[in-house]
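For clarity, chains are labelled A, B, C and D in written order, and residue numbers in each chain start from 1.
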Amino acid sequence: MARADIKVGSSPYGPDDQLGAMNKMTAASSAAVLARADGSKVYDLSIDYFVGMPSFQAAGDPSYQIYMSHTPQGTVVDNLNGVGDEINRNVCYSGDVIFMYTHTGTHIDSLNHFGVDGKIYNGFTADEHLGSRHWMRGGAETIPPLVARGVMLDIAGLKNEECLPPSYAITVEDCQQALDKAGLTLEEGDVAFIRTGRMAYWPDGSKVLGNPPGVGLDAARWLTEQGIIAIAADQECVEVGPSQHEDNWLPGHCHFLAEAGVPMIELVNLEELARDGVYEFCLIAAPIRLRGASGAPLRPLAMALRD
Amino acid sequence: MARADIKVGSSPYGPDDQLGAMNKMTAASSAAVLARADGSKVYDLSIDYFVGMPSFQAAGDPSYQIYMSHTPQGTVVDNLNGVGDEINRNVCYSGDVIFMYTHTGTHIDSLNHFGVDGKIYNGFTADEHLGSRHWMRGGAETIPPLVARGVMLDIAGLKNEECLPPSYAITVEDCQQALDKAGLTLEEGDVAFIRTGRMAYWPDGSKVLGNPPGVGLDAARWLTEQGIIAIAADQECVEVGPSQHEDNWLPGHCHFLAEAGVPMIELVNLEELARDGVYEFCLIAAPIRLRGASGAPLRPLAMALRD
Amino acid sequence: MARADIKVGSSPYGPDDQLGAMNKMTAASSAAVLARADGSKVYDLSIDYFVGMPSFQAAGDPSYQIYMSHTPQGTVVDNLNGVGDEINRNVCYSGDVIFMYTHTGTHIDSLNHFGVDGKIYNGFTADEHLGSRHWMRGGAETIPPLVARGVMLDIAGLKNEECLPPSYAITVEDCQQALDKAGLTLEEGDVAFIRTGRMAYWPDGSKVLGNPPGVGLDAARWLTEQGIIAIAADQECVEVGPSQHEDNWLPGHCHFLAEAGVPMIELVNLEELARDGVYEFCLIAAPIRLRGASGAPLRPLAMALRD
Amino acid sequence: MARADIKVGSSPYGPDDQLGAMNKMTAASSAAVLARADGSKVYDLSIDYFVGMPSFQAAGDPSYQIYMSHTPQGTVVDNLNGVGDEINRNVCYSGDVIFMYTHTGTHIDSLNHFGVDGKIYNGFTADEHLGSRHWMRGGAETIPPLVARGVMLDIAGLKNEECLPPSYAITVEDCQQALDKAGLTLEEGDVAFIRTGRMAYWPDGSKVLGNPPGVGLDAARWLTEQGIIAIAADQECVEVGPSQHEDNWLPGHCHFLAEAGVPMIELVNLEELARDGVYEFCLIAAPIRLRGASGAPLRPLAMALRD
């Protein structure tokens, strides 16, 4: 296997910059794409969170959990709100808590999720910027609401397959052909969406976890060279797995996040867009602002573009 | 004190309906408002999540928590990912988990959050529809992405105050005057945003928690009569606190959610909209789809409307 | 398959009693066994908690989790304790949180863990006694420190096997023969320890989870008839699995906890006692007092008895 | 204020030692004290865990939480165990999870909880021994079951006060006088219990949290010089607070844990021992074995000694 040899990138926007490629999104670019958006149909690219949903747990992370902190009858019994029996019998109070790995369900990987040689994108170091609870730089709260053109590279469609085979490494040529087939090119400021077809099997954990088809490192580098501001895919890690490079277990993550400053949106559902033949769209995606977090849930929306 | 006498509402959309007032949002209404949206400036109405942030804990709920499950140097030591020392020294891996009450930060209250006499909106009962972990009806995942006209009722601005005084009960007249001042009327399908000014003090817990100024029950009823599909405010519970009604500790919640089928968006930041005089806007808000949850985080976006 | 037909037991100690069989432990019984204990060797019957440890997750419960809330260098960076850079560079502060299903690792099942027909032992009902967070009766905090004679029924040893085969149902005869072989009888006030041998495979999740050898329902009933105050085993659920009774998925739990008022201690390590031939011992076991909890961790200790 | 000038201790038991002063507990010492124990009355020195209990949250740590993962009726509705409606209506299943800071309730501080200059007791460094989730050295699982003589230094009793005043710094002389009054001396292998009286106010958070009376640094050093294997107190941090030393916010912790290798047991309830005049006792205390944890719950038991 070849080496990936990823280096941490320095931001052209200065030593304090935490936005990386997202700087390429401008008022003008957002306004332009929004002006063409057809609001009569809003595609919801997210999946929902539920107890038992598939998620990456191989490195010890927890499964998605939700619990009730207040139930209607329980509140009559425990009176945790202190308002007493009579009112609690009348008012039916329910509350709940969630506990989750931030890389569960449809989510974005923040730039601090992966780095190289102790540094994250733009050279921030653990020694200076890693708190007890989270990084002080490059976290989810720094990611602006993304209002940008989304372009789907439907590789499964290109290959006429419901889903690419496990561990299939998407090539530069695959990307170019998928764009050609759709009659599109990637432009600076776009968000690229890779369709492998895996979401067709969701939520069958035996089919959506492990050995994902995804972008190979060459394709990853080609994609970031096109000036994209974020990358997305319909599987758990955007890139192909397992790694094809001996020196790195997730070279795509290291390239996108640490080298290119490009956040990654994972586990998006592209099936409806594919069915409707919508390859170009207005993307509106706003990650929950979890300060410092290496990832955050988001619910990306897509609207077809008018001519 | 008078009684609130809230009743659970039956949905006009049938016995299985879980959307209530949100049914009034249509392809046409979303398309119309989006077509007028000015994408050159996207207002972010959310606040970020951080350790120590103010939140409602009086009934035993937890404070917002985030923890790292993977740190760069820790991964070298513990090798939880199993790839070994050499690779872990090179690849800098960070991961984290969150634990939170679903009613923390900028969030939406689902219809099942409050009910009356053991039933939630449209008559679903705990006996039949309350699981161990969450309700099977009326949860956050049922709420569609909201693409609708937002209308701000700037009550603090109306009164020429930075923030309304604690426990000030906003009246129907206040609402009407604020709309008049802005030259607007509420229409079916709108989302109403109440500005009390409390967000000016965020995140000073001593000023943003407890005894909130907010809508009184009459104003709540008037608002839902206008056909709104959701209600929002820049404080923790939309309604005034403490309750002005002897039979109900949160009559506004019971009215909006259980009687009218109107979800509530809480802790939105309206300061920038107020500064810019944007009282009417295109709202795009998509709650994270937590199945069954009584609430969910969301990051609402606003864009001014062109004529 | 036969029916188990378990009924909820009424405590002979009155309608408010939450102790059930544990009432049989007395000052005299504890004093007597302690007076014979040989403190020169303390057997630790517990296993330790770690990320990735096997645990029952088939019904959606979480894996064991621990996270740091304060790290030495992180505290320098985030100053969450507010004492500042200079002191935090000198003082090395570490703190952590745990998150776990209460039935993980060596633990005790409280009497409220299982019931029949909506009632737990002694007839407490969910409607009256189940709060939002936990039962108000029969929880772990009601269990006194157990200072009692422990008697090991070494069924694996009886059969000359390292471990009983999966799903082997231990019979009354097995119990009697194991006691005979050890030259012991069960007496009122004892705690019975069943050795299946499964702990020899700990922590290999593929061998210690699922289809456990354990006591059949007849043996369970025979054991409680002997007047034991608690039952223990070296596997996850004391009883054989899957259930041999069509009407109940865990008839042993229902019998021990709900019918007989006998708490269950699970995942104890009996290997060292077996190696040393210690079949009779002074047990000292004090569950962590989690109010209302259906289970709690504990670290049972055993000391051989002098003649 | 004077400087504390704490140094990390090197264990006389070798560079791999994680037990520190606990090495002084021997088979003979445990056997001797157990042989004198009167098992007819077992004092439970623990407090119970409940939602809303006072705990240290000033540095962002969470309050104690418990949630149900399975409720009887909820299981009928959600069938998370997969056994179906009929069985779930009959079998009444309850389960729960806990989430807690490891320094909540009656607990022990492991040696890795505090260190100095980046090292914990016996020189283990964060760089080599701190994983993502916990330290690999000096954690709670390394602490053996403590079977040792406990000696209560009743300082509140000595001063004829229900409780020592806030921030009272217990002196060496106080310790010596309390021992004299009880007719006892501290000996190698003992566990010293400091009674300040604060537990009389438990669980009134306004009185048991903050500005604790406790041992001053001189008294701490004198205590460890007597050869104790652990220190305990009836308040949250054993030592006096706030710190009387400019260079250290918790000098007692740094001394006991990092310099002397003496674990600390906090929030023990000594009221009953004081009422009964039991100043010398057989202590049996076994922390839950949380691998690597900086602290762990335990339920210490005490039995009076016969002559």
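Here is the rule we use: a contact is a pair of C-beta atoms (placed from the backbone, for glycine too) under 8 Å apart; a residue touches a chain by one contact, two chains touch by 3 or more.
If you're wondering where the values come from, they're calculated on a predicted model, not measured in any experiment.
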Given chain A and chain D, the chains that contact each of them: B, C
Residue-number overlap at the chain A/chain C interface, same or different (half cut): same
B-D or B-C, whichever has more C-beta pairs in contact: B-D
Length of the line joining the C-alpha centres of chain C and chain D, rounded to whole Å: 24
Rounded Å distance, chain B centre to chain C centre (Cα mean): 44
Residue numbers of chain C (touch at least two other chains): 51-52, 60, 62, 65, 67-71, 73, 80, 97, 99, 126, 130, 132-133
Residue numbers on chain D that touch chain C, as the complex places them: 27-28, 30-35, 37-42, 44, 46-51, 58-62, 66-73, 80-83, 87, 89-103, 105, 112-120, 126, 130, 132-135, 141, 144-145, 147, 247-250, 254, 258, 284, 286-295, 297-299, 301, 303
Complex contact set, residues of chain B against chain C: 51-52, 60, 65, 67-69, 71, 80, 97, 99, 133
Sites on chain A touched by chain C in the complex: 51-52, 57, 60, 62-63, 65, 68-71, 73-75, 77-78, 80, 99, 126-133, 136
